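Here subunit A shows up in two complexes: once beside subunit B, once beside subunit C.
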Partner chain A sequence: MVPFAVQAAAGLLVLVIVAFLLGNLVRNLTAAGLLLSWSWLDNPAGFDLAESSIPFSASQPYWLALLAGLVNTLKVVVVGLVGATLLGTVVGSAAFSTNGLLKRVARSYVELVRNIPLLLQLVFWYFVVFLALPNGADAIQLPGIVLAKSGLYLGWFGEGWQWQLPHLQEGVWQAPLRLTVEFGALLTGLVVYTAAFIAEVVRGGIAAVPQGQWEAARSLGFSPLVTLRRIVMPQALRVIVPGLNSQYISLAKNSSLAVACGYTDLYSVAETTLNQTGRAVEVVVLLLGSYLVIDLLISALMNGLNAAVQLKDR
Partner chain B sequence: MVGFRRLAAVLPVLTSLALVGCASDGGGVQSQKIATIKGRGTLVCGVDGKLPGFSFVKPDGSYSGLDVDVCKAVAAALFGDPAKVDYRDLNSSERFAALASGEVDLLSRNTTLTLSRDASGGNGLSFAPTTFYDGQGVMVPASSGIQSLKDLAGKPICVESGTTTELNLADRMREINAPYTPLKFQTGDQTYAAYLQGRCVAVTSDRSQLAAKRTSFPIPAAHTLLPDVLSKEPLTPATVNADPAWADAVRWTIYSLMQAEELGITQANVTAKVAEAKANPNLADLRRFLGVEGDFGKQLGLPPDFVVKAISAVGNYGEVFERNVGSGSKLNLERGLNRQWKEGGLIYSPPFR
Partner chain C sequence: MPASFAPPSVSPSRWQRLRTELFGSRVDGLISIALGAALVAIALGLLKWTFFQAQWAVIQANSTLFAVGRYPIDQQWRLWLLTGLLAAASGLSWGLLRALPRDQTTGQLWPFNDRLAAGVLVALALVAPLWLQLSLAIQLRWWGITALVLVGRWAMARWGSGLPRGIKRLVPLIWPGLYLVGMVLISGGLGLIQVAPSQWGGLLLTLVASSFAILICFPLGLVLALGRRSELPLLRWGSVVYIEFIRGAPLITLLFLGQNILGFLLPGGLAPDRVWRAAWVLTFFAAAYVAEALRSGLAAVPRGQLEAAQSLGMTMPQSLVQVVLPQALRVALPAVVGQFITLLQDTTLLSLIGLLDLLGTARAVMANPAFLGKSAEVYLVLAVLFWCCCAALGLGSRALETRLNPSDQTRYQR
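And now, the complex of A and B:
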C-alpha cells in the first residue's frame, strides 16, 4: 500500500509540473502573439525546390512544399536502408572470411568510417568527391549512362514510351531518369556510415552462433557460403534484428544532415518555410512529429520482423 | 550537428517561455533590456562574422566591418567603451531565433527590412534605421558568357537558404518565365564553395555581399556581376519588438552617426566640436546634439553624451562607410544610394529635437 501511495504521489507531482509548464507556455506564447496557428500552411510557398518527386512550383502552398520535402526524405531513407543493409551484411560477414585480405579490408573500413563524424563525411562526399566530377561535354559517358557534376543521368522511356538517351542541351544534361549529386552524396554518406555500424551488429550476431554449428555443417558437407545462408544466418538474425532497429532509426534521423550537401529534404524545406513565415513553433512541431512518425514506423516494422525470426515452439 | 541547430535555437525560446512566469512590466521609459545589458556589462551583438566589409574576423581575432561598427557605436553609447561587445556569429536561419530568445541583444547582420519580418504576426522584429541600401545581384564566372537573367533559364543557381534572396530569385525567374534549379545551402560558406566548385552557373545574393565575397575568391577577376538588380535590399539592424525603449536607444544611436556626417562632425574633430559647443551658448542645435544641454540621453535611457561617445568610437556614418566598404577598403563600393540626402542619397536622420 505504501509503495503505491509513494508512486501515486510522485506521478501526481510530475503531472502538476508538466501542467504548470504547459500552462505557462501557452500563456506566454499567447502574450507574445505566438499562439499556434496553422492557416499559413495554405499560403503560396513562393520558393522553388531543387528536386521534387511530386509536381511542385512556387505558386503552390507551403503544405505541398513540406510534403515534397517529406517524400524526398523518405526516398533517401528507404534507398539508404536497403543499401546500408546490403553493404553492412557483406562487410560484417567478411569478418569471418578465410581470406585474410578481405577480413583486414572489412575491419579497416569499419574502424575508419565509424570514427569520423557523419557531417564531415557528408561534406567530404559532396564537396570533395561528387563536385570534382567533370561537367557538360567532359562528363563520364557510358552507353545510356552519364555521370556529370550535376548528377547521374540514365536512359529510360520518356514521353509516349519512346526510349530516350541522356543528351546535352545548351550545356545542361537532360534525361528521363536523373539522380542529383546532392542525393548521391547524401545517400553515399548515409550508406557508408550506417553500413559500418550494421557490419558490427552482423558480426556480433554471427559470432553469437556457437562454433559447433559451423563444424557440424562442414561435417555434413555444406560449403561455407551455404552454411552461412542456411544454418548460421537464421540463428544469427535473432541477435541481429534488435540491433539493426536502432541503426535504421539513426539513419532516418541522420538524413536531416542533408542541408550539409544541399539536398532538398524535409528539414531543408522546413527551414526555408520557418524563415519565411516566422512560425517557428509550428514548423518545429511539424518537424518533430514527422521524424517521430518515421522512426516509430521503422520500429514497428522491425519489431514485426523481430517476432518473425525468433524461435517458435512448434 | 547542423541538423539540430535550428531546434537548438528554438528550444531555449520555448523553455524560457515555459519557465518564466507571467512577468509583465508596466512599460514606460524603463527598459528591461538596457538594465540587463548594463548589469551584464557587455552588449551581445549578432553578426555574420564571415562577410568582409560588414563583419569579419581579422587575423588577430578582432571583428571589423560596417555591421560591427554599429555594435561598437551602441556599446560606446551605453558604456562609453566600444570594446564592450560580445560578438555572436549567426547564419541566416539562426538569426531571428537568436534575437527572439534573447541570446543576442542586437542583430547587426546584413538583414533586409521586410514587412513580414517587421510585423508582429511575422518575425516580430523592431528595425533600426537602414545602414546600407543594397539590391540583389547575380554573380557568374566571367568565362560563362551569361549576360542576363534570361541566360540562366534551365540552369542551377546557388542561394543561401532562409534569405529574402531565395524568394526574390523565385519571383524574378517566374516573371521572365525561366525555369531554374535553386540549390540551397545553409551557410554562405557552403553556398560559395558549391559555386566555386562549378555546381551552379551562378550565385545570387545582395550585390554588396557578392562584391565582398569576391575579394576572398582565388581569382576575383574571373567573376562578374550581372547588370540585373533583382530587388531592394535595405540592410538594417534589428532588436525585438517587446522592448520599444531599447529599440529607440539603438535607433537614435545610429541616427546620431548619420546626423554627425550631415553636421560635419568626425571622429577627429568631435572633441573640438564639444569644446566649441560648451564655449558658445548660441549653438543650441549643436549643444543639444552633443548632450551639452537638454536631456536627450536621459529620455532614451542613455548617458547624456552618448552621441559624443558613439562618434569618438567609430566616426560618423560616412567615415564608417568609407573605412569598411568604400574607398578605404578592398570592396571599393560607391556610396550610391548610401549618400547623405543632401547629396541625393537616402541617408537621412530625423531632427534631434
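And now, the complex of A and C:
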C-alpha cells in the first residue's frame, strides 16, 4: 500500500508540474502570437551560410538552411570520430611502450588535455593557431597538404582521377580539396580532446588483457607491435568498444560548440534561425531531436560492432 | 637459507634504469632522441615566448575584470572578506584533517605533501601579485589571506587533537554556513546593498555558478539514481526518461532552451534572471550525469546488504542511509568528482550565451581594440588556471579515496 501511495504521489506531482508548465507555455505563446506551427520552415531564410556542403543561398527556405547545418555537423563528427580513434589508440597504446619517455609523454598529454575545458581549447585552436597561419607563399607546406589562413588545401584526385597536389596560382592556393580554417580548428580541437578520453579507454582495455598473453607472444617470437595488433588488441576490443560508444556520443554532442570557432554547424544555424523568427520552441525541438537521432545512430552502430568483437559461443 | 644462496640484491642504479628505459633497443633509442628533441624545442619555444615575446599587459590591466567582472568597486570589500573567511575555514579544515588520529600515526605535523602545498601558496603570494602589478594594498591583502590559511592550518594541527569532540564535529559544518554567508555577501541583502547577478563576472561568476551547481546537483542526482533503481515502475521510468533525455542533448542546446523557453514556461515575472537560469540548467544537466555515476556505486553494493539491514528490522530509508549509501558513495566517489570537474569546465559554455564568466570576460576584453591580437596570452592564463583547479580537484579526490578505502595493510596495522 505504501509503495502505491508513494508512486501515486510522485506521479501526481509530476503531472501537476507538467500541466502547470504546459499551461503557461500555451498561454504565453498565444499572447506572443507564436503558437506552435511549422509552416515558417518554408519561408526564405534570408541569411547566407559561410560554409555549406549542399548548394544554399539566402533565398532558400529555413529547412534547407537547417539541413545544411546538420550536414556540416555530420561532416565534422564523422571525420572527428576517425581522427580521434586513431590518435586515441596510438596514445593509449603508448602507455604500454617499453620506452619510458614515450610512456610519460602519453600520460602527460592525457592529463594536460582532460583538465582544460574543451571550449577554451577550441577558441585557442581557432584564434591562436589557425587564424595566425600565414597566407600565400609563406603558408606551411607539408607533403600533400598546405595550411594557410585562407584554408587547408589537400591533395586529392582531380579531373579524370588525376592525383593533384595543392599549387600556388597568382598568389592563391589551388587544390582539389579545400577545407575552411573554421572546420580545421573545430576538427583539431575535437580530435585532440576526445583522443585523450579514448586513450584512457584503450589503456583500460589493454590493461584488462592478462600479462601472460604478452609473455606467450614474446616467447613465440612476435615483436611488440605485432603482439599488440594481432594478439592483445583483438582481446582488448571487447572491453574498449563499449567505452568508445560514450566517447563517440560525447564527441557528437561537443561538436555543437562549433559556434565558438565560427563553423556553421546545426546549432549555429538554429541560433540564427531563432533570432530571426522567434520560434524558440520549434527550434529547440528540432535541435534536441537531431542530436538524439545522431546519438541513437552512433549507439546502434557501436552495438553492432560490439556484437562483432565479443566472444562467440560455439 | 644461508645468505650466500640468496639472489644478489643488486638494484640497478638510477642511471642504469634510465638507460634501459630510454635506450633499451635501437627503436627505443630513436624514439627517445626524436621525442626528447621535440620536447626540448617546444619547451625552449614556450619559455622564449613567455619571457620575451608575450605581452602580459592585457592580463595586468584587466586583472580585476578577470577576477570579479563589473562588481561595484566600493562593494568589493565584501568579496575580500569572503575570501578571508574561506581562507581561514580551509586552513582550519586542513589542519583538522592532519590532527585526526589516523594521520597522527605518521607522527609528522607537516608531511611532505603539506610542505609542498604550503610552499606553492607562499610562492604564489610572493610572485603573482608582483607579476600582476597589483597595488601594494591588494598585495598586502593577498599576503594576509595566505597567512590566514597557513596559520589556521598550523594552529589546528598543533592543538586540534586536544579539542573536545563536539567542536571537532562542528568544523565541517562551517562550510554550509559559510556558503550561505557567501551568497549574502556576494548578492547583498540583510542590510548590504544588492549587487545584481548581471554585475558578477569573471572568476567570481565561474565559481558561483559551478559551486551552486555542484551543491544542488548532488542531492538531485542521488534522488534520480535511487529512482532509477527503485522497484516502483513510475519512479523508475520517470528517472530513466529524465536521465536519458538530458544525456542525449548537448549542454549548449539546454542552456539555449533555458535562455529562450524558460520565460514561456513560467508565469510572467517568475523566471529567474539570465545568470540563475544558466546556473539552474547547469545543475539539472549535471544531476543526470551524477545520477549515473552514483548508480554505478549503488550497483556495486551487494544485494545482501540491503536484505540484511531489513532483516534486522531497519526501515527502507534507514537501511539506505545507514548501510547502502555509505558503501555506494565510497565506490562512486571518483566518478562523481570526475563529473564535478567536468561541471567546472562546462561553466565556460556560459560565455556562448552571452554571460561574462572567465571565458566570456576574456572574449569581451579581446574585443577591445587596445588588446587586439593578445588572445594567446589570455587563453594561456585561463588554461593554466583551469588546469590547476581541475588537477587539484582530481588530486583531492584521489587523496579522499585512499582515506576512505584504507588498503588491507593499514587496516591490519591499526
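Basically, the second predicted complex is superposed on the first by the 246 of 314 C-alpha atoms of A that agree within 3 Å, B and C clash if a C-alpha of one lies under 4 Å from a C-alpha of the other, contacts with A are read in each partner's own complex, and residues count from 1 in each chain.
In this text, a residue touches a chain if its C-beta (ideal position, glycine included) is under 8 Å from a C-beta of that chain, and two chains touch if they have at least 3 such contacts.
Note that this is a predicted model, so its numbers are computed, not measured.
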Which superposed partner A:124 touches (first subunit B, second subunit C, both, neither): second
Subunit B versus subunit C as contact partner of A:198, first or second or both or neither: neither
Which of subunit B and subunit C A:112 touches, first, second, both or neither: second
First (subunit B), second (subunit C), both or neither touched by A:28: both
Which superposed partner A:170 touches (first subunit B, second subunit C, both, neither): first
First (subunit B), second (subunit C), both or neither touched by A:47: first
Contacts of A:271 with subunit B and subunit C, given as first, second, both or neither: both
First (subunit B), second (subunit C), both or neither touched by A:149: first
Touched partner set for A:100, first subunit B, second subunit C, both or neither: second
Shared subunit A surface residues [contacts with subunit B and with subunit C]: 21, 24-25, 28-29, 32, 119, 127, 253-254, 256-257, 259-260, 267, 270-271, 274, 280-281, 284, 287-288
Subunit C-touching residues of subunit A, taken from the complex the two chains share: 3, 6-7, 10-11, 14, 21, 24-25, 28-29, 32, 97-102, 105, 111-112, 114-121, 123-124, 127-128, 253-254, 256-257, 259-260, 267, 270-271, 274, 280-281, 284, 287-288, 291-292, 295
Residue ranges of subunit B in contact with subunit A within the complex: 1-4, 6-7, 10, 13-14, 17-22, 24, 92-93, 96-97, 100, 116-117, 120-124, 154-156, 161-163, 166-167, 170-171, 173-174, 180-186, 190, 193-194, 197-199, 242
Footprint of subunit A on subunit C - complex, ascending: 18, 21-22, 24-25, 28, 31-32, 35-36, 39, 231-235, 238, 248-253, 256-257, 260-261, 263-268, 341, 345-346, 348-349, 351-352, 359, 363, 375-376, 379, 382-383, 386-387, 390-391, 394
Parts of subunit A lying in touch with subunit B, wherever the complex brings them together: 21-22, 24-25, 27-29, 31-33, 46-51, 58-59, 119, 127, 131-132, 135, 149-150, 169-172, 181-182, 253-254, 256-260, 262, 264, 267-268, 270-272, 274-278, 280-281, 284, 287-288
